[in-house]
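Dumping the structure here so I can ask a few things about it.
The letters A, B, C, D and E name the chains in turn, as written, and every chain counts its residues from 1.
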Amino acid sequence: MKLGKIVGTVVSTRKDEKLEGLKLYLVRDLGLDLQEKDTFVVAADAMGAGIDEVVLYAQGSSARMTKATDKRPCDAVVMAIVDILEVGGETKFLKNPGQGQG
Amino acid sequence: MKLGKIVGTVVSTRKDEKLEGLKLYLVRDLGLDLQEKDTFVVAADAMGAGIDEVVLYAQGSSARMTKATDKRPCDAVVMAIVDILEVGGETKFLKNPGQGQG
Amino acid sequence: MKLGKIVGTVVSTRKDEKLEGLKLYLVRDLGLDLQEKDTFVVAADAMGAGIDEVVLYAQGSSARMTKATDKRPCDAVVMAIVDILEVGGETKFLKNPGQGQG
Amino acid sequence: MKLGKIVGTVVSTRKDEKLEGLKLYLVRDLGLDLQEKDTFVVAADAMGAGIDEVVLYAQGSSARMTKATDKRPCDAVVMAIVDILEVGGETKFLKNPGQGQG
Amino acid sequence: MKLGKIVGTVVSTRKDEKLEGLKLYLVRDLGLDLQEKDTFVVAADAMGAGIDEVVLYAQGSSARMTKATDKRPCDAVVMAIVDILEVGGETKFLKNPGQGQG
């Protein structure tokens, strides 16, 4: 999985019929220092995540292993919302309980 | 999925028989600022998209999950046409209704 | 799919038995300007393509969707020979009818 | 597979239900000289590995081939703990028996 | 497939049970000029290949299409040993019959 931050949304009315009802987010990759990178993906939301949330996304065929994305032409899915990130014994990220209700 | 812009077409008369009838587009990757990047893919069109349209494409086995590409040797498919792109609360892209009828 | 040019061949007598009879080509990636890039793959030939031909290759599990590569340990396949490449309304590549009979 | 070092953990209470009970590690890529690179993934732990251990991780659909990850939306898994790494006839890494019980 | 050279071995006693008996090699990527690159993978050996041999490896789900790797959490496999590499009509590599019995 990759660590990312939801930074925006994509609206599409003309899309494959199997994608109806799926929310599509712009997810920017994060470094271990939580800094935003230049790279990003468009990922389907399987978690009810919100703008600005730090999440994990899965890619490839694994992106179709959630109920929301099963057998769909979807190659990236937000499948977890990050609460805590610990690196080298330090807490690098701690989710604010009120965060991400975008 | 990746965000891209259709910039050209590929014509091939000698191709795997399962690809007959599929339109093949050159799709250039876009940044979050909608600038065209140097990278591109050749993607099958599952949407009736047109030249200059901003689209999403899926890769890998997920590219075979549309009716048009099922079980075909195709690893990239245009599966959505983008209407609106919102980043950080700002509308970065709004599809012109008359656009993309290429 | 990726756009490439066949620049060489690989001969291997000791290979997985399922690969017997498959021709293996060195395929160099091309830019939209048809310039050869530094990156390349080794791809099985499903098309009877020849040296110097401009082709498309598919990767990943999609590379196993041709008759020639079905269920084989092969992650890249030449599945189309390019006749015409059009970018921004200009013909960037037009296959010479006599080309590629290498 | 890729060579990596477990440098941290990710805690997530809201995640796809199929991921319940899976430990998620931050795994930094290593070079052949065992130096840590800038790139990393979040990988599920199928081995009972610990912080600071040098491991192998598998990606893509192969990441779902362990009991712990079968059919789960998981695209990276720690599937081996490295004991010895030999390059050019030299032992570049030898696991300390007491290491990694983090 | 990618062109690589076997430069080392990985020994792991604690690994997924399905990987028992598989030899794991460090395989460094090669350029078309046969120069070693900085990138490498850890690949299972399906060929009885040896140290210093020039090989092809397959990645992703295709890496599970050999008898040795079927349904295993393995995303890279050495599936061919290279005898001859020809680029632009020139022989860039010719396997020494005594080579690679490492």
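Operating definition for what follows: a contact is a pair of C-beta atoms (placed from the backbone, for glycine too) under 8 Å apart; a residue touches a chain by one contact, two chains touch by 3 or more.
These figures come from a predicted structure and were not determined experimentally.
Between the contact lists of subunit B and subunit D, the overlap consists of A. Between the contact lists of subunit B and subunit E, the overlap consists of C.
Centroid to centroid, with C-alpha atoms defining each point, subunit A and subunit D lie 21 Å apart.
Chain geometry summary: the mean Cα position of subunit A and that of subunit C are 34 Å apart. Residue positions of subunit A with contacts to 2 or more other chains are 59-61, 63-64.
Judged by the touch criterion defined above, the protein chains form a single closed ring in which each chain touches exactly two others. Each chain touches its two ring neighbours, and walking from subunit A in the direction of subunit B yields A, B, C, E, D.
Across the complex, subunit A is touched by residues 7-16, 18-19, 24, 26, 28, 38, 40-43, 59-61, 63-64, 71-76 of subunit D.
On the side of subunit D, the complex with subunit E involves touching residues 1-3, 31-32, 46-48, 56, 58-66, 69, 77, 79-88, 92.
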